[in-house]
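Below you'll find the structures, each written out as C-alpha cells.
Two complexes follow with chain A in common, the first pairing it with chain B and the second with chain C.
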Partner chain A sequence: MNAGTPDGSNAHTNDRTHDVANRGLSNLDLDAPATPYLDSNELIINMGPQHPATHGVLRVILKLDGEKVLGTECVIGYLHRGVEKIGENRTYTMFNPYVDRMDYVAAVSNGLGYCEAVEKLMNVEAPARAKYIRVILTELNRVASHQLWLGTHALDIGAMTPLFYTFRDREEILKIFEKYCGARLTTHAFRIGGCQYETYAGFEKEVKNFLTYVAPKIDEYEELLTTNRIWLERTKNVGVISSADCVALGVTGPVLRASGVKWDLRKAQPYAAYSEFDFDIPVGTNGDTYDRYLVRVAEMRQSLRIIEQAVNGIPEGPIMARVPKVIKPPVGEIYHSIEAPKGELGYFIVSDGTTQPYRLRVRPPSFVNLQALNRMVRGLLVADVIAVIGTIDIVLGEVDR
Partner chain B sequence: MPNFIMSYLDGSVRGTPGEAGSQFWALIYVFIIFTGVSVAVMAMNWLERKALAHFQIRLGPMRVGPHGLLQPIADAIKLMLKEDIIPAEADQFVFWIAPMIGLLAAFAVYTVIPFGPSQAVSDMNIGILFMLGVSSLGVLGIVVAGWASNSHYPLIGALRSSAQMVSYEVAMGLAVVSAILMTSMNASGTGTLSMIGIVRAQQEQGVWFIFKFFPLGLIAFVIFAIAMIAETNRAPFDMAEAESELTAGYHTEYSGLRWSLFMLAEYATMIAVSSIAVTLWLGGWMRPFPNLLRAPAWDFIFSLFPGLTFVGLAAIALVGVVRMPVHSFFRIQRIGLAVFAALLGLIALLLLTIAVAGRSVDTTVAASSVARFREGIDHVYWFVLKVAVFMYLFIWYRATWPRYRFDQLMRVGWKVLLPISLGVLVVTAIVGVIVS
Partner chain C sequence: MAEEIKSPFPPPPPEGEKSPVAEDRAPIASTAPAKPAPPARPEGPVPVPWTSPLVEKYRSQYGSGLVALTYLGQNYLTVDRSLVPDILRLLRDEEQFDYCVDITAVHYPKREKQFDVLWNLYSYPRNERLRVKTQIADGASIPSSVPIWPTANWLEREVYDMFGIQFDGHPDLKRILLPDGWKGHPLRKDYGILQQDQEWVQINLGIESGQ
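Coming up: the complex of A and B.
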C-alpha cells in the first residue's frame, strides 16, 4: 500500500502533453522537468477533449499554479473533416450542404455566406424576395445560435435552468426551419442564386407569432441572470480583452463589439437585404464576459427587429435568379464575408473556370476568436477558463472544419 | 411482555432510550433512524429530480413506476450491480475506505438529533458540539477520496472542498454559539449544549430562537443557512463537484456502489445540517404557536395535521390516477399509482385514528400509551416537516443560482459571513446581559 508514488500518473499526463511540445506548437514550457506531484508549484492539467464544458472536442492544456492559470494551449483538430479539401473535389452545388456542417448551430448563416460568395463570383444577384427570405431565416438562426450559447454558457457557470428555457424557445425556431426546408439543424436552406423553396403557407404568420412569443422570453432569461449577484460576480471583469487586442488578433463578432468596437458586417458591408433594415449594433464597454453576455442578448432583440421588418416588407416575385444548371464561375477569385452569429464568416474561393473550386478557404469566426482564449484567461482561475471558453462561443465543427 | 418494553410503554421511563439506559430501545432507534434516513435519501433523490425538472419545464423521471416513483429503487439496483472499478494507480485501501468515512460521519450525527423530546438515540449533554465535530469529519472522506484517486481533477476537487468546509465551519460555529447563548436566558442563567435542552429552552422562553432578540436570531440563522449549503457542497457552493469545471470533483474516479455511498452521505448530511438548523432556530419538534394556542382544542387540531398531510398526498396521487392517459400502456402504472394512493390513504386513516383516540385523557396504561404515541407522532411530524422545507430550499437554490467561483466563495466565507456572525455573537451576548 504505497500511495506516495503518484508520479506515475503525472508522467503519464506529461507524455500526452509532450506531443504538442515536441512539435514546437506549444507556448507553454512543457519540457520543464516534471516536479513531484504534491509539492509542485505548477500543475499541468489536460482539459478535454472529453470534458463537459469544452463545448465539443476542444482540448486545452492548462498550466496551473494552484488554481491560477499561468498559460493555456489549445489543441484542436479532433473534429477535422477536411471541409476545405472536400470543397475542391465537389462541384459548387454539391459542396453547399457541407458548409452546414461547420457551424452546425448556425447552419443557415454558413449557407448564406457560401451562396453569396459563389453568386458574387458568378456575378449573379439573388432576387429581392429570396434576399428577404434569407434575412429572415438567417436572423432566426442568429437568435437560435445565441439562445444555445446562452443556455450552455449559463450551464458552464453553474446555472442549470436557463438552458432549458432557451432550448424550449429555440425549438420554435427549429420548427419553422423544419417546415420551411425539412431539416432542423443542417438546413441547406439556400441555393446558389436564391432559394429553392418558396415559403410555406402561413410562414409569415408563424414567424410573427414567434416574434411575439419570444420577446418576453428574452426578458425571462435576463430576469434569471442579468442582475443575479452570483452571475455578476462570475462574469464582471472576467476574461477582459481590449479592443486593440481584439483587432490585433482578428477577433470579430460579439466578442469584438463587447470591447467597444462598433463593427458589424451587416452595417459595414451590407449584404443580402440588410441595407434596407433599421437596426442598432449593440456594443459593450469593458470587453468582459458580462458585456459579451449583454451584447448577445441585445443582438437577439435586434434580430427580432430585423425579422419583423423583413416579414412585414417581404416583396413578391421570383425566388431564384437565372443561374445555369451547371455552375461554372469564370476564372477568378473572390472573398466574401458575412456577419455570422459568432463573427466574420468569410469564404475565399479561387475558380479556375471548372465546375469545382480550385481552392476554397473558410475564415471561421470560432477558430479566429479562439486565439483570444490565452490572452483572456492568463492570471484567472480554472473556473474562469470554463466561463471564457463559453463566452467566446465556439463551435468545434467550425474551428476544426 | 418483557419488562423493558412495558416500562417504556407505561410511561415510567421518560427521556431518550440512551438516557433510560435501555440498550434495546436504543438499538431499535438506531435501526429506525438508519432505515428512515436511507429511505428519506431515496425519496429526496426522487423529489429533487422531480422538483428540479418542474423548475426547468421538464417532467423528470416518468418511466419507472407511475411518475417515476420507483426510479430511486431502479437507480439503487443499477448502482449495486455495476462493475466495481478501482483505478490501477489508486491507493486501493484508502480508495475503498474513503466513502465509508463520509458515510459514517454523516450517519453518526443522527445519534443526537432529537426528533422529539424522547425520540432520539441519546441526549448527550454536549450534543451540538458532538454534532459539529462529527459532521466535519465528513471532509476527511472527501479529502481522502480525492487523494486516493490519484488523479488531477479529484485532487483539485478534494482540496477545494476541504478548504471550503473548513472555512465555512468557522462562521457556522459562531452562529451556533449565538444560539447557544440564547439558551441561557432563563432564571438560573444556565445554558445548555444538549440538543434536547436547546429545544426545551425555546419552549420555556416561549419563542423560537429565530425570532429571539429580533433580528439577531434571524441573522444568525441566515448565516447558518448559508454556511450549511457550503458545508454540504450544494449549489451554489458546489465547487467540489463543479461538473462543468472538474467533471465530478472528488468522486470522478468512483463508480457503482462506492459512488452511491458518497451520494448517500451527501444527502444524509444535508438532512443532518437542516436538522441542526431546525433544532437551534426553528423550535425543533414543537408545533407552531405552542404557547399562544395552548388550549386542548388547539392541541387536537394540530394533532390532525400528520393525518391530513397524508390525506393531501393521497389526493395528489388520486389526481394523478385520474389524469393518466387512458391507454393499455398505462394500465399497470395506473394500478400502481392507485395502490400507492390507497397506501397513503391507509396511513392517513391510521394517523387520524391515533389522533382521535389519543385525545382522551384516560389513565389506563393502554390509553395513555396511545396518547404518548400520538404525541410522539406529532413531534416527529413537525420536525420532519421543518426539515423538508430546508430540503426543498436546497433544490430551489440549485435550480436558481449559478455557481460561485472558488475565491469568491472564500471571500464570502471569511470577509462577509465570519465578521457578521462574530458581530451577532457579541451583540447577542451584550443584549443578553442587559436583558437579564
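Coming up: the complex of A and C.
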C-alpha cells in the first residue's frame, strides 16, 4: 500500500497521488483539494493491483478517515483481454475454450452457460445423459470453487489452516476433471450439443468415493471456523448488505442469498437437468460476511446431494445431439443464464446466420457483484476491506474479461 | 417503426467485416455423430408478436412507439428512444422488474441509427425476463438509468467504454475496463481485432507495440 505523506507535506509528488487527484473521485463526494492532505484527517491510499489480498489485479482506492473507510473506488481492467471482441471473430465452436478463461476457477460453469446458450439459439437440446454429466461436473466445480474461495478467504483474514484443507480436497475434484477431459482448470468439458467425452471407466465409482470422502471434510472446515472466536470477530456484522440493496445493485449468487433472498436460477428457471433433483437453497439472514460463509458451506453440501442423485440416476444413451459440423445458428438473438458459483452468469448472443456470433455479450456475476463493494465497506476498517473483497468472491478474469 | 416489425434483425454485415476465417472449414472439435447426416437446416424461427396485459397497457399509452415481440420464448420490447426513461421507470415501478440484469449494445454500422441499446430485465416477484431495446444514432446520447437501478452505473460505463455511447445524467461516466486515456471503442464493428491505441501503448508501456 502506498500512503500519502504523513506530515502533510505539499511537496509530495508521488505519481499515484496525482493519479488519484486527477481521477476526480466524484462518486465518493470528494472534491480533491488543490493541496491534498493538508489540514485534513482524510487520507487516500491505494490498495493493489499487486496486493495479494485483492485476489488478482484489483486496485482499490480507499478514502480513509484514520483507519475508517469513507469510500472506495475500484479500478479494474488490468486483465481485460477483449473476450467479447474475440467472440465476434471466432466461430461458435472455436470460442468455446475461451469462456473457460473468464472465471477460471469455475471453468465448467462458464462452458455450460455458453454451450446451452448456443444450443438454445440453434433450437437443439442436449441428450439426457449429457445433461447429467454436465450437472455432475458443474456441481463438482461449484464445490471446488467454493473450496478455493474458503481457503483464500480464510487466509486473508488470518486463518492459514483452512487453505491446506480445502486445497487438499479440491485436488480430488481436479483429478476427476483431469481423468475426464485431460485438463484440470480450464477444462473445456462440454461441446455445443452435449459432451465430447463419454465418462471414463470407474467415473461413477470415483465420484461416489469423492462424495463419501469430502462430506466429513466439510464438517472439518466448519469445526475450524464456524465457532472460532477470531473468525466470528472478523466476519460477524462485517460488510452487511441488505436484500433491497442487493436487488438494486444487481448482486446475485451467495451474496444475495446470504441477505435472505431465496433465489437460485437452478430453481427459478431450471436449466440442464436441475429440475429433476431435490435440493435446498441455503439462505442467510444478516447479509454479513459470516452468513455468506455459512451459505457457501451449506451450498457445498447441497451440491453433494445433487451429485449423488445425478450419479445414481445417470441414464444411458447418446451424449451428443445431432449438431451439424459447421455451426450456423439462424438469424436471431438469445439470452441464457445459469447459476454460476458466483451468481448469475449470462450470455447474450446475436446471430446473423453466419458461423461467427455477430455480438457476444457476457454478463459476468463477479463484475456486477464487485460494484457492491463500495456499499459494503463504508464505515469499516481497512482490515475489513480485505474480508469484504474476499467474501464477494470475485475472480478478476471474469471481472475484466 | 413499421419496418421493424417485418425485420427486427438487420441484414447480415457485408463481406469483409469479419476476420478471414474460412466459413466452411470444419471447426476443430468434430461434434456431429458419425453415421446419419443431419437434416437440412430449416430456416430459423421468426419473432412473433407478443401479447400480454403488460403490452396492451403500454401500447394504449404509447401507441406505435412500442413494438412487442417474442423470439424463442424470450420477450422483448422495441421502443422509441424518447420513451426510454419513462418505460424503464414504469417497468420497475408498476411491473416489478426490479432487477436490471444487464445493459449492453450492438453495433450495426450500415444502419442509419447505428446502435441498439438493450436493457435486460428480470422481475423477482414474477420470475420473468424482458429485454428492452432501442435504436440510437452514432453520437446520440441516451438517458442514464442509474436513478432507476443503481447497478446500471458500471454497466453503462462499460457500454460507454466499449461503444462510445453517452449516458445523460450518469454520475461518473468514464472508462472502466480500458485505461482512461485510451482512444477508440473496441466493440464497434469498425475497430479491428488487432487494432490498438499504439500511442497509448508507446507512452505508457514504453514498448513499440503491444502486438
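The rule is simple: the second predicted complex is superposed on the first by the 365 of 401 C-alpha atoms of A that agree within 3 Å, B and C clash if a C-alpha of one lies under 4 Å from a C-alpha of the other, contacts with A are read in each partner's own complex, and residues count from 1 in each chain.
As a convention for this text, a contact is a pair of C-beta atoms (placed from the backbone, for glycine too) under 8 Å apart; a residue touches a chain by one contact, two chains touch by 3 or more.
All figures in this text were calculated on a predicted structure; none of them were measured in a lab.
Colleague: Which holds for A:Ala159: it touches chain B only (first), chain C only (second), both, or neither?
Modeller: The first partner, chain B, only.
Colleague: After superposition on the shared chain, which partner residues are touched by A:Val368: those of chain B (first), chain C (second), both, or neither?
Modeller: Second partner only.
Colleague: Going by the contact rule stated at the top, is it chain B or chain C that touches a larger number of residues on chain A?
Modeller: Comparing touch counts on chain A for chain B and chain C gives C.
Colleague: Tell me the contact category for A:Asp400 with respect to chain B and chain C: first, second, both or neither.
Modeller: second
Colleague: Hey, what residues of chain A end up touching chain B and chain C alike?
Modeller: none
Colleague: State the interface residues of chain C toward chain A in the complex, per the touch definition above.
Modeller: 9-10, 12-13, 18-19, 21, 23-24, 26-33, 36, 38-39, 41, 43-45, 47, 71-72, 74, 98-102, 104, 106-107, 118, 120, 124, 127, 129, 131, 149-151, 153-155, 158, 162, 171-172, 175-180, 186-187, 191, 193
Colleague: For the complex, give me every residue of chain A touching chain B.
Modeller: My answer: residues 1, 3, 6, 8-9, 13, 43, 45-46, 51-53, 67, 154-161, 163-165, 168, 224-225, 228, 230-231, 233-234, 381-384, 386.
Colleague: Show which residues of chain A lie in contact with chain C when the two form their complex.
Modeller: Interface residues on chain A, with respect to chain C: 23, 26-27, 76-77, 80, 82, 84-86, 88-94, 96, 120-121, 123, 191-194, 196, 247-251, 261, 263, 268-269, 318, 320, 322-335, 337, 344, 346, 348, 350, 352-356, 358-359, 361, 363, 367-368, 371, 400-401.
Colleague: Quick check: in the complex, which residue numbers of chain B touch chain A?
Modeller: 52, 55-58, 89, 91-94, 147-148, 150-153, 156, 160, 235-236, 238-239, 242-247, 398-408
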